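We call the chains A, B, C and D, going by the order they appear; numbering starts again at 1 in every chain.
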Amino acid sequence: MPVNKVVASFDEAVSDIFDGAVLLIGGFGGPGECPSYLIAAVARKNVRDLTIVANLAGWGLELAADVRERLAPVLPIPPDWYDQGLLVERGQVRKGILSFPAAPGHYLMPFERALLEGKVEVELVPQGTLAERIRAARAGIAAFYTPTGAGTFVAEGKEVREFDGRPYVLERALRGDFSLIRAHKADRYGNLVYRGSSRTFNATMAGASRITIAEVDEVVEVGELDPECVVTPGVYVDRVVVRPREPRPWHEPM
Amino acid sequence: MPVNKVVASFDEAVSDIFDGAVLLIGGFGGPGECPSYLIAAVARKNVRDLTIVANLAGWGLELAADVRERLAPVLPIPPDWYDQGLLVERGQVRKGILSFPAAPGHYLMPFERALLEGKVEVELVPQGTLAERIRAARAGIAAFYTPTGAGTFVAEGKEVREFDGRPYVLERALRGDFSLIRAHKADRYGNLVYRGSSRTFNATMAGASRITIAEVDEVVEVGELDPECVVTPGVYVDRVVVRPREPRPWHEPM
Amino acid sequence: MAGERLDEQAMALRAVKEFQDGMVVNLGVGIPTLCSLYVPPERDIFFHSENGIIGFGPVVTDPAEADVNLVNASIQPVKPRPGMAIVDHAESFAIIRGGRIDITVLGAIEVSEKGDLANHHLPGKPIGSLGGGMDLAFNAKKVIALMTHTTKDGRPKIVRELTQPLTVPRCVKLIITDIAVIEVTPQGLLLKELVPGWTPEEVQALTDAPLRVAEDLKVMELL
Amino acid sequence: MAGERLDEQAMALRAVKEFQDGMVVNLGVGIPTLCSLYVPPERDIFFHSENGIIGFGPVVTDPAEADVNLVNASIQPVKPRPGMAIVDHAESFAIIRGGRIDITVLGAIEVSEKGDLANHHLPGKPIGSLGGGMDLAFNAKKVIALMTHTTKDGRPKIVRELTQPLTVPRCVKLIITDIAVIEVTPQGLLLKELVPGWTPEEVQALTDAPLRVAEDLKVMELL
């Protein structure tokens, strides 16, 4: 039977995400690389007690509108930008493993508010350590020694060991139940290519969870992607779902 | 001043390789992906006491001729295939850190002969551990825990630790003084693309040494390589040198 | 008198019967690489090789079609296949170590009744070659040993305790030989299939470790 | 009375003077990102951003040229540049951790006389944001702090001991502010350059940590 990882809807794609699941959420922090419709589907499914693993804690709907307006003179932002802040706003998140939980400047992200209210836990991780812990999960490496963080609060409670005279911190692999990622094109085998800076954590998280779900602009025929340029081989991808051509509100089933 | 990593000759490219250097030698074991002319230049330079880090120990000139003849009905092999076995044959190698030191079947590779004669040391490494140790060097990771080898001779003398109930072996990063690699195309910034199965250890070793030298088929103008398809960014590459159009004997200066 | 033994092609054919659509399969050096020849192109079996090719086609048999830059881990030229992807060596073993290989078919020097595998150090050689076999046997979901039932001089290769250097402990789940198919179970070896013309007693006579005979013992089918 | 303070653009211009052809440079959030605007296109300075772009061009100032899929680590659109390469996040930090960043220009909340950096936890925030700054400050060959000399309410940001949460110990090598350039040496802070109109005494008055004055003290040049 031919392999076809393309599923018909976002709601179907996330149908087995459960309360308490660990979600690796791709992207970096901007609208171009965010798996918006997968996040929206998780919001509609209303699963609770999630642990989110991501770079940013997310702007959420309210701040995103603000950011959109502020950035408009520099970077026009699509209306269908729903980031993990939506899940935080809706109270679905219990814990964040994040590199950027605090918004820059005077903004207060939903996660910061939830933190002040004692509603969420946080693990603050240097961005490179976050990426490497996720990559380690994909690569079957249990733990690794990184120089980053030695002698700082990041190393508290962790083993620190010297190699060649330099201290290194032992960091554990960070495996998810589900990776929600955004890519540009896919084929039915799940091979993926990205666009520009949207590769970022999306490609890193592909294959780092039990199930990887990719939100893509387009599905192409098998053979159309140049094997030399495939960034994520299909072996890492379990489901593919195509974004709508026109922006859709987050709360509409799709 | 514009950056130009292209050097004029193979002899110039390897001019600072010194006695006792650790060389990461790219390729897997076949002729398509072997940095033949860099190896030939190291042979001509006649540096000694080298440690070679590679998948195979290398066929050398004599066996390569034999392999070429035997494989001709299946895989036509170019005449200018000079692998690390050449360095072993010439007595330039003191130690091998290898995944495949023993030839399959009845063949005896030069390294095996040298081993029997007590002229070389060997460290036998599982291929995945070898690749990961090299990648760790590139990535600034001092050491990592891999499941491969626990409970076998590979784990002897190494720390074994359980994570989530499974034993893992602590393996150290493997950094070279020089990485000698083969690629298809380069630009003067050192960005590289490969062809098919020639990517293998070549891309893994790029950036894992103090100096990385790439032997390429062709140098193209900056901007010709698609940024989405660059496999090795130039930041990992120090020197680029172009292969001759027609096969040349290994011993001729070039 | 016992039946004929399977040739290498037939052994590969039998191994191919284990492959299901969607599986990621790694083929070891030697007989296992032949398997790629017996998977019809319409089947979505994804062959992975250590040097970083995922989803390649069959081994090339016509040298005019051979590409020195598209070879498998046995350095045999293979055909490209639509949907193929290429990664570097570290990523190739991230795939292996990360548990993404559904089946690896490995050659073996010996297999013990506990599933211990010896496949890296040939007798008489000054040293062995691990290659990717150790990573594969430690991390693949299912390890199949595909090998002749006995050595060239007739000694059993399926043994109570390994006499050859251990490569990976307790990893082999299924042994496919030129005379039988044997499952490695917690209760020991279970004889599942016989090549036509062979009896359980004849297979046991060529096997050092004791065999239990499966209740549903079958005659091996290749297609 | 002291001279004028540099504006953000001028501070960025001064930082750019540290860049040499062939260098790989990472620009932190805030004022540092402006640096990309002041490097002439013919200069081969390779800007690296945490999200995996190497060798990109200047920040886009015309929204019509903005591509939502080509942004720097401050999520500002940037221009492509010939010879650019794209990698994923893990590889982007392999580049950082592997010691390939020649210079990182980071914003700072405080810097101590030993080069300790505080830049992740803004006062009044329930938690900080590390971003890529910690990896950069631990692993780049040279860390430049680019910041206003004092806080908005006039308190010194260059201090004997940090009063704000430590991000990375002993990492800053050069401090460029809106009134001076100061080198962090094993013997303490060394005042190297003054913005026109400022005296060493005036700069010291706005600096908590003691400054030695370089023998070759210069007036800052921006071009």
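Everything below uses one rule, namely that a residue touches a chain if its C-beta (ideal position, glycine included) is under 8 Å from a C-beta of that chain, and two chains touch if they have at least 3 such contacts.
Keep in mind that what you see is a predicted model, and the values were worked out from it rather than measured.
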- How short can a chain-to-chain path be from chain B to chain C, counted in steps between touching chains? 1
- Name whichever of A-D and B-D has more C-beta pairs touching across its two chains. A-D
- Note on the structure: Between the Cα centroids of chain A and chain C the separation in whole angstrom comes to 38
- Message: Roughly how far is chain A from chain D, centre to centre by C-alpha average, rounded to an integer in Å?
- Response: 28
- Item | Shared-contact residues (touching 2 or more other chains) in chain D | 86-87, 90, 93, 96-97, 139
- Query: Tell me, which residues of chain B touch at least two other chains?
  - Reply: 132, 135, 139-141, 146-147, 194-196, 227-228, 231
- Query: Each pair of chains that touch: what are they?
  - Reply: A-B, A-C, A-D, B-C, B-D
- chain C - residues contacting chain A, complex: 21-22, 24, 42, 44, 46, 48, 54-55, 80, 82-87, 90, 93-100, 139
- Residues on chain B engaged by chain A in the complex (per definition of touch): 132, 136, 139-147, 163-164, 166, 168, 172, 193-196, 226-229, 231
- Write out the stretch or stretches of chain C touching chain B in their complex. 29-30, 49-53, 60-61, 63, 66-73, 75-77, 86-90, 92-93, 96-97, 121-122, 125-132, 134-135, 138-139, 165-169
- Query: What part of chain B is in contact with chain C in the complex they form?
  - Reply: 28-33, 72-78, 99-104, 112, 115-116, 122, 124-129, 131-132, 134-135, 146-154, 194-204, 231
- Message: Considering only the defined contacts, which chain A positions touch chain C in the complex?
- Response: 1-3, 135, 137-141, 187, 189, 191, 207, 222-223, 225, 227-228, 230, 233-236
